[in-house]
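The following pair of complexes shares a single chain, subunit A, combined with subunit B in the former and subunit C in the latter.
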Partner chain A sequence: MIVRKIVSNELTRLFRDRVVLALAVTILTLLVVSVLIGERYYQQLSSAQSEAEYISRLQWEQQGEKNPHSAAHYGTFAFKPVNVLMVFEPGVTRYTGVSLFLEGHRQNIASNSLAEDLDASLRFAELTPSFIFTYLFPLFIIFAGFRMVVSEKESGMYRFLMAQGVSRNQLVFGKTLALWIVAALLFLPFFVMGLLITGLTSGVTSDMTRFMLLTLVWMGYFGVMIHLTIGVSSLVRHSGTAMVTLLAIWMLGSLLLPRLVTNAAASRHTVPATTEFYQAVRTDLTEGVDGHNPFSEHSLAFRDSVLSAHGVTDINELPFNFRGMMLQEAEEFEKRIYDMHFARIHAIHDRQLATFSMGSVLSPALAMRLTAMNIAGTDIHAFRHFTQEAEAYRINLMRELNHDLRDNAVGDRAVGYVAGHDFFADNPVFTYKRPSQLLSPLVTLPFMVSLFGWLMISAGFVVMAAKKEEIV
Partner chain B sequence: MLKTINLTKHFNGQTAVNDLNLTIASGEIYCLLGANGAGKTTTINMLLNVFPPSAGKAMIGGMSVTENPLETKKRLTYIPENLALYPNLTGAENLRFFCGLSGLNLTNAQQEAHLTEAGLQPVAIHKRVETYSKGMRQKVGVALAIARSSDVLLLDEPTSGLDPAASNDFARLLEHMKDRGAAVLMATHDLFRAKETGTRIGIMNRGKLMDELNAADISHSDLEQVYLNHMKS
Partner chain C sequence: MITHLFRFEWMQLWKSWSFRISAVIIPFLIAYSVYLGHNRVADQHQHVQVLQDLEETFYAEMAERLRLIERGEYEVGAWFQDPANPIVLAQFGDAGRHVILHPKPLAALAAGQSDLFPYYGKVTLTNRVAMRDNAFENPVMQVTGQFDFAFVLVWLIPLFVIVLGYDVLSREKESGTYALLQSQPISIANVLLLKTLFRFLVISGIVIGSLLLFGAMFGVPLFNFGGLQVVLVVLLYIAFWFSLCVLINLYSDRSAVNAIILAGLWVFFVLILPALITLYAGKQHPVPSRAMWVTEQRAIEQSVNRQRDVLFESWKADHPEEVVEGDTPIFYQAWLQRLLTNEMIQERIDEAADRFNTPRNAQAGLINRLRLLSPPMYLQHWFQQTAGTDSDRLQTLDEQMRAFQQEWQAHFIPRFRQLDFFTSEEIQQIPRFE
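== the complex of A and B ==
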């Protein structure tokens, strides 16, 4: 009863506060604009990608009569379907891109450093809902709430309220609830827009469920800021102290710590530069069959083993085209080398993620962003999944090309052999499917635990602040 | 209606209120005179249960304020020197909120009636409190006491900073509350107002009640002399 009165009184006063209203209108406008910009970007990207995907396939199918290995070098593209949730949480998508060039002998790199990509995504670069939720929304919560309890003490209202039979618990709980309601009301139009966009784009699918999960994550983060704001406001004696303390918490948690953590992750677990990476790959590739050099030591050894296995002395005596077989052997060897080097990069990424996990214990903003990126499917793991699928497709395509050469080219004259239009048209099409699970528990769990921990600890902080005996 | 029995409060080894015994009946205005630091506000704070006494008891309506904090608070209205009201709410909205805290839901007509009875001009009732003078804010406090039919009024320097006309208005309101049967305890520096408004006058110095006088039995000049004598002692 008393709490309800305090909440309703607080809401009336907040709605009449011109500064709070102006801030709320600004945040709301920025949110709407960011969603509209994001949605437009999504539409443009989707349409451009559909067109590029169509043209790319057409080019593959209509490349004319061609030697299959020339087609392998001609290459094609794998496209990652544009994810509607990037409107709200673009994650590292804008730095990793949404397509990958696939060609013979080589796995291409799209992203090199998780920490650098994440660092870039944490910069004040683009107006996105996630940017607003990470930096501006908490500022609004601070501005709306920093005076809520402390001003009652400054004005003498606190004692007056106590004289009316209001307990400190009721006062602090009422103010906390009022700030929750204000934050939820400000979030509501965005939530409706988000549901409409995900619903209209992909129907009632996992995207909508993911959006709702994202909402929970964002609200959890706002909850942390609400609790910290009211807790600090309850414990200090002057509004100025509350404001400075909360701004310091905001700067530390949202700006400084995420930057320090990403820098620490990048410097402690350094990903090799692209040139360095390919140099190391090239060095290791010399240790196996070279599809373009039949006279290399390993190529000759492979030839001899094949000849011996078939009981012949010349490759022209083999019942298939040796060149096609050797290219496939080389392709498989190259894949093993690339996989090994990529596994090293992924291991470094995982160590960087472990550093982020430790950092998220200190920064709820980091915990929130990393959880949100994973749920939205815009984190490095989502991109890694795409590259792995694309690589599986590439190696399968290369096998088809090499086997066609092996089975249909005459004798050793592989170079003169051409496959027809029908062959290329029958090659499989790459269709990427996102993982059906809503999040990767192993990846997200530490961040979710951090965020939930922050929510619980901050709630405990409010309870402690409400219980503190104070004479004013 | 209001009683303190050997009420004592120590802060960090210093005695703020020392063995205070007060009894204020319904329909009585008791003015507690004293210099700054005499213990007047500490006494009121103990009656409000802001902090517990170090010894003794504070009672309202026969109940200990520490044992029955909510019940005793329901029976009193407290008006400090600077009544804190919410500036961006109107007088009527402030009254509705504070009454609502004690479960009293007023209609618009009741709000207006109580505020008018407390002397607020009808034109001011629906204006935001940020436009109010101090005297107008004190009237909202009195309207709260009227609305809640408070048995006890605790006033801490309520006329401090009021112009003479506003102070006079406030004194009339106290008379009105007395006639409604309220027991009023007013801490003040103002000897003239204490003599004019009070039924009885208590003089406090260094936490002790030095003297109790009937306002009707003493002149202004004698009261001043007695007060000064106690301050010197």
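== the complex of A and C ==
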């Protein structure tokens, strides 16, 4: 009963506080604008992506009569799909390439990232819900709550309340609840908008579940900030001190540590420079069959083994086109080499992520962001999944091309063999499917544990602050 | 009086936790940012060195092989191994030159856009490939951003200033010493000014002292005109935030309210205003889709390739003096045609690329003007320019590569068309990128 009064009292006070109201309106406006802009941006990207996919397929099918291996060099593209949750948490999507060139003999890196066409000022701040939730929303919580307990002491109300029989526990608990309610109320319009947008874009699918999960993660993060705010407000004697302490916590947790941790991780586990990477690949490639050099040591050895297996002495006596066979042999070897080198890069990224997860113990903002990215499917793993699927498609396509050459460029068709439109139109089509699993537990677990740990510890902090006996 | 005031201020500061923590954290942050910057630039210098060595070795080997051939001590197996052939020299294997935007002296202070745009690329007769050093970098790094001196100064230092300056006068009122001050033979305005001046000097001293110390330690050349500019800019920026503190203190008596307003101003200048400006510029001058661009380039390629035989024949008919007629080596016709087709494709692609460059430049121009509204945003840009890591400079790479490619082509293509082969002496004189 007393708690309810405290809560309603506090809410009335907050609604009458013009500063808090102005802040709430600002944040709400920014949120609405960011969602609307983000949604339009998503629609543009999405339609450009499917249009590009369509045209590029057409270009593949209509490339004209060609030797299948020339077609392998001509290559085709895979385009990174976008999903509606990037409206709320764009993650790394702006910084990873949108197109991936798929060709014979090599695995490329996706190029043309969106960030290249955006101004440098974007690195300052981008108007997305995720940005607002990481930086501005916690500030709102701090601004709305830093005085809640301490002002009672400053104004002398505290003694009065104690004398009236209100326990410190009830006071602190009531204020905490009030701040939770305010935060939830401010979040509510966004939540409704988010549900509408995910629902309208992709129907009642896993995207909606993902959005709900995102909401939980965000609310968990807000909870940490609410608890810290009330805890600090209960323990200090001046509201100015509360403000400065909370600002320092915010700066450390949201601004400083995430950058510090990622930079430290990258400088501890360094990825090789691009030229070094390709140099290493090139060195390893000399250790196997080279599809374009029939006189290399490995190519000759391979030829001899094929000849002896078929009991002939000349490749022209083979019942199939030897070049097609050799190209495929080389392709598979090249794939092994590339896979090995890419796996090394991925291992480095994983080690960096492990360092991030250690850092997230210090920064709830980092824990929140990395969890949210994973749930939204906009993190580095989602991107890796896309590139791996594209690679699986590439090797499939190359096999089909090489086998066509091997099986059909025989006898009197061997010289000047070309494949036509029918063949290219029959080649497999790349359609990317996101993993159906909502989040990768192995990846997110450390971050979720940190975030949950923060929520619990900060709640403990409030309880501790409420227990502290104080004479004012 | 001044010494008196400064002495009391110092005692007060020294006793406050926020000052003690700041005095430790600021030097640490600056040290770490300069250290990371130093590493970044050292890596770049090292890569540049490797590339240049690679280039030198390649052409030294070619010249050496050609000398042996000229003396009759060596014979090549196939035409594509003949170092006298212009095509071999300008196009095959490791042939070609690197076009490099060397890091500027103060590059360590701001990473800027250097994690997005390449600072070097390779040019051959047909290719112009800008190479991103950090293509394998974890993109999370780009999301959180680089930890450089510019970040520490532009984002974090103002928060320290606010923490030390939000209550410069209001605390006196709250603690009751205001009345005492009023009874002193010095005006309140002077007290406020001197108190702020003292705090300004202390913070600036810590920032500039750390910058100079760690700059010297990590080999960032700051004791010159460029360094002086940086120091002045740092002073101005810190002064800007202190003057905001003074202003707020003049109008509001309550420390807590001051803290809110100042933090709000920080959020406005550092987060909200830049976000709105970027948003507005992006809406005014939208850049078309890159995914579509990929397919467009391919369409251009296809359309030129479809007519390449016709184009080639008509070009030959128009330029009979430029080509060798009659019995020519096997590679001659094919490469003649390939170079010509490539030139046409490149021309058309470069033309079409304006569709991207125009809105991007318009966006940049608009942001350049609006940037003046937010001192932090302006300063960030200033640091990037000083460090040579701003997108404007990095985006000139392609132009410079284009210009150098023209020089490269002008040197080799006419001689190839005439089948005028190189001598080992001439290999030493092929164009270099300066």
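Here, the second predicted complex is superposed on the first by the 451 of 472 C-alpha atoms of A that agree within 3 Å, B and C clash if a C-alpha of one lies under 4 Å from a C-alpha of the other, contacts with A are read in each partner's own complex, and residues count from 1 in each chain.
Note that in this section a contact is a pair of C-beta atoms (placed from the backbone, for glycine too) under 8 Å apart; a residue touches a chain by one contact, two chains touch by 3 or more.
Treat the numbers as computed from the prediction; the structure is a model and nothing was measured.
Colleague: Label the relationship between subunit B and subunit C on subunit A in the superposed model as either fit or clash.
Modeller: fit
Colleague: Who does A:2 touch here: subunit B (first), subunit C (second), both, or neither?
Modeller: A:2 contacts subunit B only, not subunit C.
Colleague: Which of the two partners, first being subunit B and second being subunit C, lies in contact with A:240: first, second, both, or neither?
Modeller: A:240 contacts subunit C only, not subunit B.
Colleague: A:352 in the overlay: touching subunit B, subunit C, both, or neither? Say first, second, both or neither.
Modeller: Second partner only.
Colleague: Where does A:17 make contact in the superposed view: on subunit B (first), on subunit C (second), on both, or on neither?
Modeller: first
Colleague: Check the residue A:79 against both partner chains and state whether it touches subunit B (first), subunit C (second), both, or neither.
Modeller: Second partner only, subunit C.
Colleague: Between subunit B (first) and subunit C (second), which, if any, makes contact with A:217: first, second, both or neither?
Modeller: A:217: touches no partner chain.
Colleague: Who does A:156 touch here: subunit B (first), subunit C (second), both, or neither?
Modeller: first
Colleague: Using the superposed model, measure off the angle between the directions from the CA centre of subunit A to subunit B and to subunit C, in steps of 10°.
Modeller: 100
Colleague: Which of the two partners, first being subunit B and second being subunit C, lies in contact with A:383: first, second, both, or neither?
Modeller: Touch partner of A:383: subunit C, not subunit B.
Colleague: Which chain, subunit B or subunit C, ends up touching more residues of subunit A in the combined arrangement?
Modeller: After superposing on chain A, more of subunit A is contacted by C.
Colleague: What is the contact status of A:409 with respect to subunit B (first) and subunit C (second): first, second, both, or neither?
Modeller: neither
Colleague: Quick one: smallest Cα-Cα gap between subunit B and subunit C in the superposed arrangement, Å?
Modeller: Taking the overlay as described at the top, subunit B lies 15 Å from subunit C at its nearest C-alpha.
Colleague: Which stretch or stretches of subunit A touch subunit B in the complex?
Modeller: It comes out as residues 1-2, 5-6, 9, 12-13, 16-17, 152, 155-157, 159-166, 471.
Colleague: Spell out the part of subunit C that touches subunit A in their complex, as residue ranges.
Modeller: So the residues of subunit C in touch with subunit A come to 18, 21, 29, 32, 36, 39, 43, 47, 50-51, 112-113, 116-117, 131-147, 151, 155-156, 159, 162-163, 166-167, 170-171, 174, 254-260, 263-264, 267, 270-272, 274-279, 281-283, 287, 289-295, 298-299, 302, 306, 356, 360, 363-364, 367, 371, 376-377, 380-381, 384, 390-391.
Colleague: Can you tell me which positions in subunit B touch subunit A when the two form their complex?
Modeller: It is residues 45, 48-51, 69-70, 73-74, 76-78, 80, 82-86, 88-89, 93, 97-98, 100-103, 154 of subunit B that touch subunit A.
Colleague: Mind pulling up the subunit A residues that touch subunit C in the complex?
Modeller: 19, 23, 26, 30, 33, 37, 44-45, 48-49, 51-52, 55-56, 59, 63-64, 77, 79, 91-92, 95-96, 98-99, 109, 112-127, 131, 135-136, 139, 143, 146-147, 238-240, 242-244, 247-248, 251, 255-256, 258-260, 262-263, 265-267, 271-275, 277, 345, 348-349, 352-353, 356, 370, 379-380, 383
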